[in-house]
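Notes to accompany the following structure.
Chain naming follows the written order as A, B, C and D, and within any one chain the residues start at number 1.
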Amino acid sequence: MDQSTLRFVIQLLIIGFTFFMLINASALLVLAERKIMGFMQQRYGPYLVGPHGLLQPLADILKLLFKEELRPKDADKWLFTLAPIISVTAAFAAFAAVPWGAETTFFGLLDTPVKLGVADVNVAVLVVFAITSMGVYGIVLAGWSSNSKYSLLGGLRSSAQMISYELAYATALASVIMLAGSLSLREVVDAQSGYWWGFIPRWYLFLQPVGFIIYVIAGVAETNRAPFDFPEAEQELVAGYNTEYSSVRFALFPQAEYINMTTMSAVATDLYLGGWHGPLLERYGLGWMWFLAKVGLILFVYIWMRWTVPRYRYDQLMTFGWKWLFPASVINLIVTAALVLYFNA
Amino acid sequence: MIALIPLFPLLGFVINASLGRRLPKTISGGLASLAMLASFAVSLAVVWQVASRAPAQRFVEQTLYTWIASGDFVLDLTFRVDPLASVMILVITGIGSLIHIYSTAYMHEERSGEYARYFSYLNLFAAFMLVLVLGANFLVLFVGWEGVGLCSYLLIGFWFEKKSASDAGKKAFIVNRIGDYAFILGTLLVFVRFGTLDFQRIASAVAPLGPESMFGTLSVATLLLFIGATGKSAQIPLYVWLPDAMEGPTPVSALIHAATMVTAGVYMIGRNAVLFSHAPETMAVVAVIGASTALMAGTIGLVQNDIKRVLAYSTVSQLGYMFLAMGVGAFGAGIFHLYTHAFFKACLFLGSGAVIHALHGEQDIRNMGGLKAGLPITYWTFLIGSLAIAGVPGLAGFFSKDEILFETFAHGHQILWVIGILTSLLTATYMFRLVFLTFHGERRHDAPAPEDAEEEEPSRLSHQPASGASHRHDAGSHLHDAPTAMALALIVLAFGSVLAGYAGVPRALGGHNALGAWLAPSFTARSVTTLADQQVGQVGEAGGAGETGAAGLELSLMVVSSIIAIVGIGLAAFIWLKRREVADKAAAAFPGLYRLLLNKYYVDEVYDAAIVQPIRIVSQEGLWRGIDVHVIDGAVNGVATIVDGWSSLLRRLQSGSVRAYAGSLFIGVVLILGYYLWR
Amino acid sequence: MPETILFYLFSGVAVVASALVIGQRNPMYSIMLLIASFGALSALYIQLDAPFVAMAQIIVYAGAIMVLFLFVVMLLNAPQEDAAGWDRTHPLRRSGVGRFGALLAGLLIVQLVWALSRATGAATAVGARGDVAAISSVRAVGRVLFTDYMFAFEATSVLILVAMVGAVLLAAREGGR
Amino acid sequence: MIPLGHYLIVSALLFAIGTAGVFLRRNLITILLSIEIMLNAVNLTFVAFGRSQGTVDGQIITFFVMTVAAAEAAVGLAIVIGLFRHRESLNPDAFTLLKW
């Protein structure tokens, strides 16, 4: 098997691995969420299915698969079907631009190193941003097409919320990009390699604390998670945009949500936490483990947040997004720009 | 310093005009009078300053700022006080302040708003008049010239509720327009000829050239200026406005139409003495016009029955004297007469004002008489004024008038001299006709005798002076003599009319014509001294004539005119004291002549027929009904019709449908693209 | 070779989607189809070495403008094209007009193709000139945008502001706050 | 490599489609969409030309076009909302009030 075919195969393998990991992520996250929730509320959470309920997600999926497909009579046939597909596709596609490991030769298997990550785009940040913004359609369409008040309201809310927080999100990104001077996530990550004074890692977290916080908050809002989970605010809207959905179509939404979370965390890791850079594992070309660890950490924070912080009121959400988060991010951007100019000149 | 002189009255005007209606009468009136007095004081100071110099450079200038600077033509806003101007400002401010004081009493029945308005006008007038006489170039003078015109309009029409008053105001204004038009033309001509408007520069530019033999630029320019003067100073043919101007309050007549404004023309000629004296033709015209005006006005004055109109005509005739003097080159004499005339004419007008005031607006002398006992102060002052104007020896009028006559004679204009003498006879006659009809004889008005003084006047505030016979009913109140303010003014002026003459006692009487000598430098081009002396010799005869053995001649002429004056007075006394019917007989004997005189030679009617009507007809029938209605309106309406027609066609395109518009756009795109592809 | 295939694929998608957009009676579908067409276009941009434009295309058009459209449609609960009786009388309602418009469109296509056939250099490959790195780099774009086109950039910012104010004013309810 | 002409033809097609849409559709929103199509056709032309010239100016012009499109969409939709409030209709022919 000559190099080029081998290379091609390895590329395919990497892509497949990424996809697999994402699907697992969604499954695992469900479990993790329930476990942690249980832990936080002094109860067990799922423990019947498999050891310590490890197979619980599988069971859920099977259950959903065998459910009957329901579609409201007046729902718009095409869009009703299209909506979940859009969301989940967008979720997966977004991750395509996220690098998750340094380039490696797989222990000399290849003569020229290959980059770990589905695609290496030189405007990766933009790509991620663009594709995540596509996710809105899934929700809006779901809300509109299922032709029910709750869904519609949920859809409108979520889309409004996503659009509002995209601004802060993008601005936070922009300041990091200015620091790194590149739109390519891989370059951003590599810009964070090494240490200050030998022991503080050169993560942008330390240069952009405000930016990081803003990013995380905006990310939570983007992914419609608590405390910003209005689209599925049970008390008000039953289940929001996916009220009318059932079985697989329904399954796709939470999956998309978890994948989005993962993407957020991954991007956050790449942007602020130095991606796969970390002590000593890099040396053996296993930096991606660091990556996984960091992503896992952020995900834990997400879940943690969900079970601790109560939900906002809708107007509070909007006020917060427009009157606090966005201005803060803009100020952060300006300050960063000024400092960059100052130190580069 | 000089700028202050017109500034004070202007200030008074501003204050009175802006918040006068809120001020009480005493304050607004007192303010105005105070302003005049202040500027009088300043004038005295300035004149002293001037007088303290050597005759050669007796003048002080003050340039406020450069008014116009376009290209090489630079015009400064300059005030200049030289002997001539100093005389003028003294007369204006002095007599002006007296008349202001007089007015405070005379206008007292006015509502306080009106009162303030009156005084603001009066002050404004004074300010403009001072600008006029102080201006060092034609343009500044013209500013004053127009300003006084305006104020005269405002003051004549002060009681604008009366149609006759507002008409009179308009008449004065319009007639003056004609004169001003000519004046502007003259100014422009002068500028074209000499490239400057400054009087001194013009004079020194003119001086070297000899008198213009043929009729040329100078003559035309001076003639135009003179027409302007006739407008302002009420000479033939533009005198018609002055008699009507008597519709205004009497002090106004005194100030504007006797003492100051009407003399502006005379002043202007004197100011440009050098210029005029180089245009013999113009001088001749001036002299003739002056003389004939004097005579004609005298004749008219003889038969008028309105006390103020008589005085108005006498003013016109006296102005005629002044122009006569100017015309014969006796500028000094002219100004001298101007100055004396100011005193006694003001005195007479104010006296008449007092009479009218006493009779609550009665102006017809046929309804007066026997007021001597009732109004002693008024009577005596009025008498003195009349004597002065009649030219009785020893009084102001005597010296000035005789000097004019003498100069006329000495310059060899015997005919004009005869006219002058005749006029002075007339003057004496009609003045004393006035005196006798007003003050002597039996009373022909229903005002009670002074002795029954216990009766109180019923409605003092209700009546306004000079509001015609409409007030005959309450004319039955107590006959009161002039209040103190008026009396003061009258007395001062009376003294003035006695003494003013002694400023210029001719050499023939052992005096040495002080005023003439004082004025002389103003009539010469200073800058060119060599010529200046010769100019003094030629122009300043006022001082010069005495030496050349003409003393005898002068004396004899004086005797003649004094006799004439006495005769005139006697004649008047004979007719209007002894044998009243003689007058009526005379009127009956020459009915045509009488009616002619009574109707002022029908001049107004002639003007109306010759000028006013044609213009009215042309403008009404031709311009209005013809051009305006048909051509202009027709054009406008036509355009409108055309637009209307087209739009009614084009509006079908505007379907209001956006897609239609987009479609037309699109069609256009396709067509244009197709065209470019085709070729 | 693969890129040729991709080109035809994406351009085909773009054209067909756009055609369906206007063939559609339900604005909701139109919007979704238009988004698809935009996606195809952005793919074409990537082929033209303009990745930044491609991303901007998605973010701005698909991510913002189309969402706006979507909102409006949802807000108005967009009716199918109404054939209300009262405007049947309108001259433009005659079916001939529509055909005429289609005809004009066809005419325009013909003209444009004709023009292209006559144009020189239409046959030259797109990527012939300029080096890909320089053109596709965001840095270069940014540099030119903020130097040569500074004024235009500022002007557009003002334009956006004005549009924002105008939109708010127009959409605000009558007498609303 | 794909010749420039192909891109231009694609954009020509898009443009024609847009214009046709303005005609054929009787729904303000669809008409606005058609306008967007036209704008995109123009964008494509710009980018293609810019690429063939080897400069980035084409892309930059595209940004400006996008800005304008955004503004136009915002204002246009605001107007649509206003109109819809007046008559319960999105038919442009329903708003032919601006005429004699």
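Quick note on the criterion: a contact is a pair of C-beta atoms (placed from the backbone, for glycine too) under 8 Å apart; a residue touches a chain by one contact, two chains touch by 3 or more.
Nothing here was measured: the structure is a model prediction, and the numbers come from that model.
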item: Furthest chain, CA centroid comparison against subunit B; value: A
item: Identifier of the chain whose CA centre is least distant from the whole-structure CA centre; value: D
item: Comparison of B-C and C-D by number of C-beta pairs in contact, larger one; value: C-D
item: Subunit B-subunit C separation of Cα centroids, rounded to whole Å; value: 86
item: Computed distance of Cα centres, subunit D from subunit C, in Å; value: 5
item: Distance from subunit B to subunit A - Cα centre to Cα centre, in angstrom; value: 102
item: Distance between chain centroids, defined by C-alpha means - subunit A, subunit C (Å); value: 30
item: Residues of subunit D touching at least two other chains; value: 19, 22-23, 93, 96
item: Subunit A, residues touching no fewer than two other chains; value: none
item: Residues of subunit B engaged with two or more neighbouring chains; value: 655, 657, 659, 663, 666
item: All touching chain pairs, where touch follows the definition stated at the start; value: A-C, B-C, B-D, C-D
item: Residues of subunit C defined as touching subunit D within the complex; value: 3-4, 7, 11, 14-15, 18-19, 21-22, 24, 27, 30-31, 34, 37-38, 41, 44-45, 47-50, 52-53, 56-57, 60-61, 64-65, 68-69, 72-73, 75-76, 78-79, 81-84, 86-87, 90, 92-93, 97-98, 100-102, 104-106, 108-109, 112-113, 116, 119, 121-131, 134-135, 140-141, 144-145, 148-149, 152, 156, 159-160, 162-164, 166-171, 173-174
item: Interface residues, subunit C side, partner subunit B - complex; value: 90-92, 97, 101, 104, 107-108, 111-112, 114-115, 118
item: List of subunit A residues in touch with subunit C within their complex; value: 76, 78-79, 82, 121-123, 126-127, 129-131, 133-134, 136-137, 140-141, 144, 152, 155-156, 159, 163, 166, 183
item: Residues of subunit B defined as touching subunit D within the complex; value: 651-652, 654-659, 662-663, 666
item: Residue ranges of subunit D in contact with subunit B within the complex; value: 19, 22-23, 31, 92-93, 95-100
